[in-house]
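These are the structures, in structure tokens.
Common to both upcoming complexes is chain A, partnered first by chain B, then by chain C.
And now, the complex of A and B:
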């Protein structure tokens, strides 16, 4: 078994059941997480009147921690949703792939199935990625607004960056 | 001799009466001409009380100045303050916002005689509405601004919750 090359199908299956994401997805996750984590800084600066020079260190540290945690949430949500999306989109993707490859006589049935599987995985990956970003962003901003304006209304602003990472 | 004394007495009394009449006539403003500026509180979100202020200048045809005036404003009788030369007057009232709702507030201004009549009416527990004022000003109070109907953070929170709820519903459907 050592050194045996994996088939395309096996590779896809391994990728399917792995929590690891591609470099592109990882960059997308961390980029979005950084933007979303930086949004409340405007709230702290302009609404809660925190001094940016004095608070720069705290803001930077908490933004980095928040970015990591949000990206972690993206990965987990994507992993959970990917299989469900794949199940829902399987029929439509198969139909589309078979329709596009139906006239190709050179391709065997097995190759067509592999192509459909790959396409299904790609569609499910993309849809799960975007939905994970959307859902976690919405959840993060709801928590930020409710904690800032209602629950922690009477605490000192210095606590605000810390509580975002609770 | 008695006749002479009688004549002198009559002259003195007449002179005294004339002096009194002139003195009284001198304190009463004839045909008052008023130029006024009014102010009322327009903000209630940070201001605790409502203020109604009227500033006016008074010119009397008989040239009387530096009068002691009293004003009835929003049901209260208050003295009217004046500047050094007695040409500019100011009357003000301060109270809670609910005591001064939106509306037109008449300010009846009385001189000393009028104020005495009012005090007499109050002692006799009579209405002072029939007592004629020297003149009447009007303060048009548009009501204070109490802030927006909905707070901005409430709108932001509501919008964020709606968006999150839509996302949660879609996620639940996917996972079902």
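And now, the complex of A and C:
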């Protein structure tokens, strides 16, 4: 068994049940997380009137922490969503793949099924990734506004970035 | 009838003489701030009202305001030293100055000085003071802006910044979802 090469199906299954993401997805997650973590800094500066020079260190530290946490949220949400999306799209993806490969007589049934499975995984991965980013971005921004303007209204603005990341 | 005429004559003399013997002028002065909030860098309106509650006219009325030091307050409009030649008994006058605080923090607003001659033949002026608003706080501009400014442009800019982070992932997801739901619906119809 040692050194046995995994089939495509086994690889896909391993990928399916793993929370690990590809390098490309990871870069996408961290990039988006950084952007969405930096957006509330505008509110802290312009509306809460925090001095950017005095608050630079706090802002930088909290943005980094927030980026990590938001990317972590993306990963987890994507993992949960992927299975649900895969179940919903199975029929449509199979139909699409069979339609495109239906006339190809060189390909065996097994290869077509593998291709459909791969396509289903790809579609599920794509939709889960995009929806996870959208959902977590919306949740983070709404939470940032509610926390800093309503719940933490009476505290000093310096505390906002710290508490936002708790 | 004769007795009545004598009585009327006596009363007329009494009241006639009473006109020449008035009490002195008596001025009451108030100093009020028209602002609900005193804010650094924003106009502060101070109004002085002087009432003559005495029986004579007050002359050479001088109002002197020295509590707003030029280092702490910029005089925008009005004069800190004002003079009225005469304030009739029962009359009142008002004076307003507009200042702009240069600093923030606690500030004790003391009374302004009022001096006047209590009658037309008085030589020594009477010194009096207005009411004093007392200690108050001058709010920092940043805190006032944070609390009260609508920040419409800032919110609009925030909205513009959030659009790519929300709309792009949503549109990408929605496009894929629509495509495969259409395919699924078509396959259900053909089946």
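Going forward, the second predicted complex is superposed on the first by the 166 of 166 C-alpha atoms of A that agree within 3 Å, B and C clash if a C-alpha of one lies under 4 Å from a C-alpha of the other, contacts with A are read in each partner's own complex, and residues count from 1 in each chain.
The rule is simple: a residue touches a chain if its C-beta (ideal position, glycine included) is under 8 Å from a C-beta of that chain, and two chains touch if they have at least 3 such contacts.
Just so we're clear, the structure is a prediction, and the values are computed from it rather than from any experiment.
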- [ ] Look at A:80 in the shared chain and tell me whether it touches chain B only, chain C only, both, or neither; answer first, second, both or neither.
- [x] first
TODO: Would you check which partner chain A:131 touches, where first means chain B only, second means chain C only, and both and neither mean what they say?
DONE: both
Task: Touching partner for A:150 - first (chain B), second (chain C), both, neither - done: first
TODO: Would you sort A:141 into first (chain B), second (chain C), both or neither based on which partner it touches?
DONE: both
- [ ] For A:91, select first, second, both or neither according to whether it touches chain B, chain C, the two together, or no partner.
- [x] second
- [ ] Answer with first, second, both or neither: which of chain B and chain C does A:42 touch in the superposed model?
- [x] second
Task: In the superposition, chain B vs chain C on chain A residues touched - done: C
TODO: Would you check which partner chain A:58 touches, where first means chain B only, second means chain C only, and both and neither mean what they say?
DONE: neither
TODO: Have a look at where A:101 lands relative to chain B and chain C in the superposition and call it first, second, both or neither.
DONE: neither
Open item on the list: Identify the residues of chain A that lie in both the chain B contact region and the chain C contact region.
Closed with: 131, 134, 138, 141
- [ ] Quick one: which bits of chain A touch chain B in the complex? Just the residue numbers, please.
- [x] 80-81, 84-85, 88, 131, 134-135, 138-139, 141-142, 145-146, 149-150
Task: Residue numbers on chain B that touch chain A, as the complex places them - done: 153, 156-157, 160-161, 163-164, 166-168, 170-171, 174-175
TODO: Write out the stretch or stretches of chain C touching chain A in their complex.
DONE: 142-143, 145-146, 151, 154-155, 157-158, 161-162, 164-166, 169-170, 172-173, 176-177, 180-181, 183-184, 187
Task: In the complex, chain A residues that touch chain C - done: 32, 35-36, 39, 42-43, 46-49, 89, 91-93, 95-96, 123, 126-127, 130-131, 133-134, 137-138, 141, 157
